[in-house]
Amino acid sequence: MRKWWSFSFLLVIFLTVLVACGQQTGGSNEDNSGDSGSEGNDGQRHAVIFKSTGNPFGEKLMEGFETAITEAGDEAILRAPDQPTVEGQIQIIEELISQQVDSITIIGNDYDGLQPVLTKAMDRGIKVLSADSAVNGASRLVHINQADPEAIGRIQIEAVAEMIDHEGQIAILSATSQASNQNLWIEWMQTELEKPDYENIELVEIAYGDDLRDKSVSETEALLQSYPDLKAIIAPTTVGIAAASKVISDKGLQGEVVVTGLGLPSEMAEYIENGVSPWMYLWNPIDLGYLAGYAAKALADEEISGEVGDTFEAGDLGNFEVTETEDGTEVLLGDPFKFDPDNIDEWKDVY
Amino acid sequence: MSDYVLELKAITKEFPGVKALDNVHFNLKAGEIHALMGENGAGKSTFIKVITGVHLPNKGDVYLNGEKVVFHNPKEATKVGIAAIYQHVTNYPDLSVTENIFMGHEKIKKSTRKIQWKEMHADAKALLESLGSDLNPKTEMGSLSVAKQQIVEIAKALSANAKIIIMDEPTAALTHRESEELYKITERLRDEGVAIIFISHRFEDMYRLADRVTVLRDSQYIGTWDVDGISNDKLVVAMVGREIKQLFPEKQVLIDEELLRVEKLGQAGMFKDISFTLHKGEILGITGLVGAGRSELCQALFGIEPYDEGAVYFEGEKVTIKTPADAVNLGIGYLPEDRQTQSLILQWSISQNITLSSLDKISHKGWLNNQEERKMSKTLAEQVGVKTNSIFNLASSLSGGNQQKVAVAKLLTKDLKVLIFDEPTKGVDIGARSSIYQIMIDLASEGYGIIMISSEMPEVIGLSDRIAVMCEGRITRFLDKDQATQEAILEAAMSKQTSKSQVV
Amino acid sequence: MMESNLIRYVSKFRELGLLGFIIILAIVIQFLNPAFLTLGNLSDMLKNTAILCILALGMMLVLVTRGIDLSIGATLALSGMITALTVSAYPGLSPFLAILLGIIVGSACGVILGLLVSKVGILPIIASLGLMNAFRGMTFWVGGGDWVSAYQMPDSFKGIATSNILGINTLVFIAIIIFLFFYYFVNNTITGRQIYALGSNPDSAKISGINANKVYMLVYTLMGGLSGLAGVLWVSKFASSQGDTASGYELTVIAACILGGVSINGGVGKVIGVLLGAFLLGVLDNGLPLINVSPFWQMGIEGVIILVAVLFNTEIKKKVEKNNRLRRVI
Amino acid sequence: MSTRTINNVQNFSWKRFMLQWEWMLIALIIIIFIVNSSISPYFLNFTSISDATMTFLDKAFIVFPMVMIMIMREIDISVGSTVALASVVMATTFNAGLPMELAIVVCLLVGALCGFFNGFLLVKYRELSAVIVTLSTMILYRGIAYMILEDQSSGGFPSWFSYFGWGYIGPIPFILLLFVILAIGFALLLHKTVFGRQVYAIGSNTTASRFSGVKVDRIKLIVFTLAGVMAAITAIFLTARMGSTRPNVANMYELDVIAMVALGGISTAGGKGKMLGAILAVFVIGYLQYGLGLINIPAQMLLIVIGVLLIASVTVTNLRVKGKFKTSSKSDSKEKVS
């Protein structure tokens, strides 16, 4: 009996694998269009590695990247580990080194943790650049920055001040600060708050939702419980802002507590329309990926080397210049984009 | 209608390689207590399992009230009113007494299929009261003593409206007083018309209760007698198969200096005040009823469950034994009661089994030497006479007797001085039995001190130089070889009143 | 004897002890932050604990049969994802059908695990480990790497988690229904008792004619169904479905059961106990942020509490057994 | 006593030799190599293969003691957390001013301590199952790691330290060399020594082993401590590869390790299996993963493949043990001494 079940089970597995393989060779899956290609032999191959799979922001970023690379007539490889870990990214980078790709664009899970493997990649002649979430200056040639951290930090405080008439308690709901972005932005927020304009605004707490739904919800609830007079929550993270907005909507606190920060239009459309979040910001991940794609191409063609002052053309986006930062060089995409009830409809289906 | 409520004709049951029952007959009248007797391994348990539907016989028929029936599973047997109370109490320790009683035939409301706890608790209470017990039916089964669990099992049988109740060694783990209570309950059941099959190898039980007795030996049917119509001696011959004395080789009494002395040893809840000495070349038999604390005593000596009080002197020096390894290092070896779970690794070869307890002898600085291992296991396997053609055969391929020989061979690998044999012939066929006795005698004459725990009277009487009888955790009497008779032993084993003065 | 009575008392009323611990904890938290024992916060806490309770009840039965299911987080995510995709494609779908769909998907996952455990005979921990990977992968796969967001879900669907039934939040209401069902099921039905009998002594269960494979199938399917239900509720509550939903949540669920006194050796586990175990974790989750305990200490604190609970349990059991033995002879 | 002679020379049997699970694994490796090199032009060259070994060997060190643990019919699911804690403590003590050499020693000590604690709990409370003990410590150890570093990362190690993760001896990665040495060591320990024989004995029949004078408790303690030490070695290599560490490293490593051991033919019912099988399984899973990575298969497909492979291999090993296996039973997994 047991034997019979075991055999039939193995048979099912075997058939499933066959079917899966059949589908794979059919190759209609957009995610791995990279593997189908040996068509353009002299075409370059450019890889992008996001933090983890199943993240729409990442999907859009990689989509932009792919568009740029395809426009240039090369092949794009889109990868991401299943968990947002350094180990996963290291493994992928090793695999890409073995494939002798021409460039690697990394959206880092850790600022320093990828340095050894990325250095190895550069030693093997692969051009390395980071985008969105940076890696340290020694492990990349250039960073494609979505927006100036200073601008991101300051603009959120300005927005909140306007929403609550420059008066009242506010709190920040962050992710974990592993990617270091959030911490930098929060520093700039605190700097901005020192201005006399904001003397009536009190930042009561910085909470961490770990970028987990349930945790972000409990943290938001704790904030509301602990500070009954809370006027606003700034959540500079896509998971946090959606969770916070959800809590406020559910509690019927529209108008009493406002939420703003950085969020995905698709996730936030609901809350922008119902007024929980009058507006919020984000950059366009498609453009960011697109820019990264052109930068990767330019580096691989040795059109630029990542030095300050290099310029290159990024398709429809126009010309960009490499500028200096505290740690290495970067290319700045532009100011964060503001999503409000007027434009959210056209964006919510995009990403 | 037949005269018999239950009749089994020419039952044969074979397991791969073993014939567990060979052409066995049996019949049972309503309102009688029928004793089923036989030594361990005679096939009693298999026979019970055939009646209760656990095993399907290969040959033979079962008749219930004159009609032929076939039980494919235990549930079918339960349905027609056959209930069994097994030797190893099989219950659900985590569930309540009520649930244990009603497992499999719970009272439910027809419409909602809801279990009717109130009714069940009340019924359970009434049942238990009818058996003279004031147990709270909501108690957890696992917290009860064996005797009380036994009573619950009987209540369970009654609640299933059993017309035939099989009791498999129910008194084995009971004290004298508890046994007495059980007798009364059993008699009351009989008077109410229930037919009872009572399995025991205690003659006391049989004489006290049974109307008729059926004897099995070596998987075969020997005969059925009225209890009044058969003498004790004849019954013993029927069970053992020949005059007892023949089985036991002559042993030269050659008792030398003291090896082991135990003083006032005690373990909470298990045994107390145990004192005895063991000499070189001596076989000390320890007997008593199952549950009298014999095995626990010897396991304490071997360091499996350390003793709480008292002292052990080995060759005159006071020693502490906390682990089996301590005991082995001193020179004490133990042959466990259940060789399949406590002694052998069945899926291992004979050779690996023999060497397990003395790997240091076949190794150098921790590295195993296969050559040595083969040599050693071959020598020992031949010494104890294991019937096999290669030491690489698996232990599971051997018969019970030969497995036991391998277990004995394990003990011989060490430089031991004291050997403790716990039920050395349990489940061993007659042929292998005498060779195991021979081995023990030989070992004793080589100078080993041997402690033998056994429930088998003939073996205790036939082999031991001295016999210590235990009852409820204490040694009630020491008997010398020439004083030892079944009656004397039984009397000591049942005597509740411990005469402390007798403890030597 | 004084001491032994106390021990027996404690072991009998383990649930009371747990309740006492929860109350003490609540008082401490209340003392440090008065916002804790407010109606609003308590109702938040109930809502957040509801899903945990549902899953823990299912896990209890699995543990009672001496099994374990590590795949429930993945099952939850998979059924949540499939349901979310379905409602975003057919916004007119009734929420009841959505819940039903989730339960069906979850049950299917449970059936696979049940077959592996009962028919193929793989150790539950290994089988569920493998399925955990497989289901998680499938979640990413069916979702195509995308999330399903709030605006894609019809209001009726999101309303599952926010609406009220008889003045009680639906999540809590469903949890209560399931609690009552389980209470009835394990205490008052034959099948329910068979689960305990099987876990208490598998060999006897065979003699009593209990079909072990059927019981295994039942508990794993039930567990899967509850995970599926939890998946729908989760997605509705957070109005978002992702590939990594509830990743690692199985450990929290098992922890709740262990705290609630369920023995991993089978046969033991009370519905009330599990509920309290889940509540304890709920109070910790809700209370620790309120008293400004760093979120990074939470895991460590939980670990210590679980370990202490497990060891405390065994010590008590040992003492009780020793007492039983002492009462027996001599 | 008996004149009967018993054969003590074992005949070599081709059938028995060829029916070993290890051949199946070797065949799998060959198939994977053939498939990999046919689907990706980048697989079959020396750098690629040696780079590949570096990516999956770090966790493979835990496979050695895990084989012993599973042969003893126990399990340890806290190893991933142990890696994280050891790594975090190493980084923290280093950044607190301890020389790196000492920090490494501390790392090994922490690992040993974690493993010892697991073993101690199991030996002290024989009635507790290993699943429950290591599940609790799994949460606890990672919890402590989070308490120490919160969400920060810690690094800045001296440059020589990265040699552990990236160094080559000639053309061979250092990690591979160490792995091979340890593999030989552990295989000898398990198959050629008294200790190894006793490990098998414990897994086959704990009670009989105890009654035969095997120091069951001591061996369990040693093996669990070894698991901790090997987790610490993994921590060293992993940290060296990343150049920094965080409390969430080595997430779910225990599952990967258990999958490798199970694929290696170690029966979950205890007492069966060989070190070689598990070592081969490391390479099967490693190269399979790497090969699928080279054709840029999405991560989710990889998850499914590994999960299904695990279940399929256990099914096959179960078939080999044939019927002897019972779904976890109290008397099966926990000895009863009384």
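In this document, chain identifiers A, B, C and D correspond to the written order of the chains, with residue numbering beginning at 1 in each.
Following the convention adopted for this analysis, contacts are C-beta pairs under 8 Å (C-beta built on N, C-alpha and C of every residue); 3 or more make two chains touch, one makes a residue touch a chain.
The UniProt protein names, listed by chain, are A = Rhamnose ABC transporter substrate-binding protein; B = Sugar ABC transporter ATP-binding protein; D = Autoinducer 2 import system permease protein LsrD.
Predicted model only: the values in this text are computed from it and were never measured.
Asker: Chains shared as neighbours by chain B and chain C?
Answerer: Intersection of chain B and chain C contact lists gives D.
Asker: Quick one: which chain's Cα centre is the longest way from chain B's?
Answerer: In terms of C-alpha centroids, the chain at the greatest distance from chain B is A.
Asker: By raw count of C-beta pairs in contact, what's the busiest chain pair here?
Answerer: So the chains sharing the most C-beta contacts are C-D.
Asker: With centres defined as the mean C-alpha position, give me the chain A-chain D separation in Å.
Answerer: 35
Asker: For chain A and chain B, let me know how many angstrom lie between their CA-based centres, rounded off.
Answerer: Centres of chain A and chain B (C-alpha means) sit 72 Å apart.
Asker: In angstrom, rounded to a whole number, how far apart do the mean CA points of chain A and chain C lie?
Answerer: Distance between chain centres, rounded to whole Å: 34 Å.
Asker: Can you check how far apart chain B and chain D are, centre to centre, with Cα atoms defining each centre and the answer in Å?
Answerer: Inter-chain centre distance comes to 43 Å.
Asker: Give me the residue numbers in chain D that touch at least two other chains, ranges are fine.
Answerer: Only 151, 298-304, 308, 311, 315, 318 qualify.
Asker: What residues in chain C touch two or more of the other chains?
Answerer: Residues 116, 120-121, 136-137, 139-140, 145, 203, 243 of chain C touch two or more partner chains.
Asker: State which pairs of chains touch, listing all of them.
Answerer: Chain-chain contacts present: A-C, A-D, B-C, B-D, C-D.
Asker: Mind pulling up the chain D residues that touch chain B in the complex?
Answerer: Residue list for chain D touching chain B: 1-2, 4-10, 192-195, 197-198, 201, 204-205, 207-215, 271, 324, 337-338.
Asker: Using the touch rule from the top, collect the residues of chain C that touch chain B in their complex.
Answerer: The contact residues of chain C facing chain B are 184, 187-190, 193, 196-197, 199-201, 203-205, 207-209, 267-268, 320, 322, 324-330.
Asker: Over in the complex, which chain D residues touch chain A? Could you list them?
Answerer: 40, 42-43, 47-48, 51-52, 54-56, 151, 153, 155, 162, 165-166, 238, 240-246, 248-252, 289-290, 293-304, 308, 311-312, 315-316, 318-319, 322-323
Asker: Touching chain C in the complex: which residues of chain D?
Answerer: 75, 121, 125, 127-129, 131-133, 135-144, 146-147, 150-151, 247, 255, 258-259, 262, 268-269, 298-308, 310-311, 314-315, 318, 325-331, 334
Asker: Quick one: which bits of chain C touch chain A in the complex? Just the residue numbers, please.
Answerer: 33, 35-36, 38, 40-41, 44, 48, 115-116, 119-121, 136-137, 139-140, 143-147, 149-152, 161-162, 237-240, 242-245, 247, 285-286, 289-290, 295
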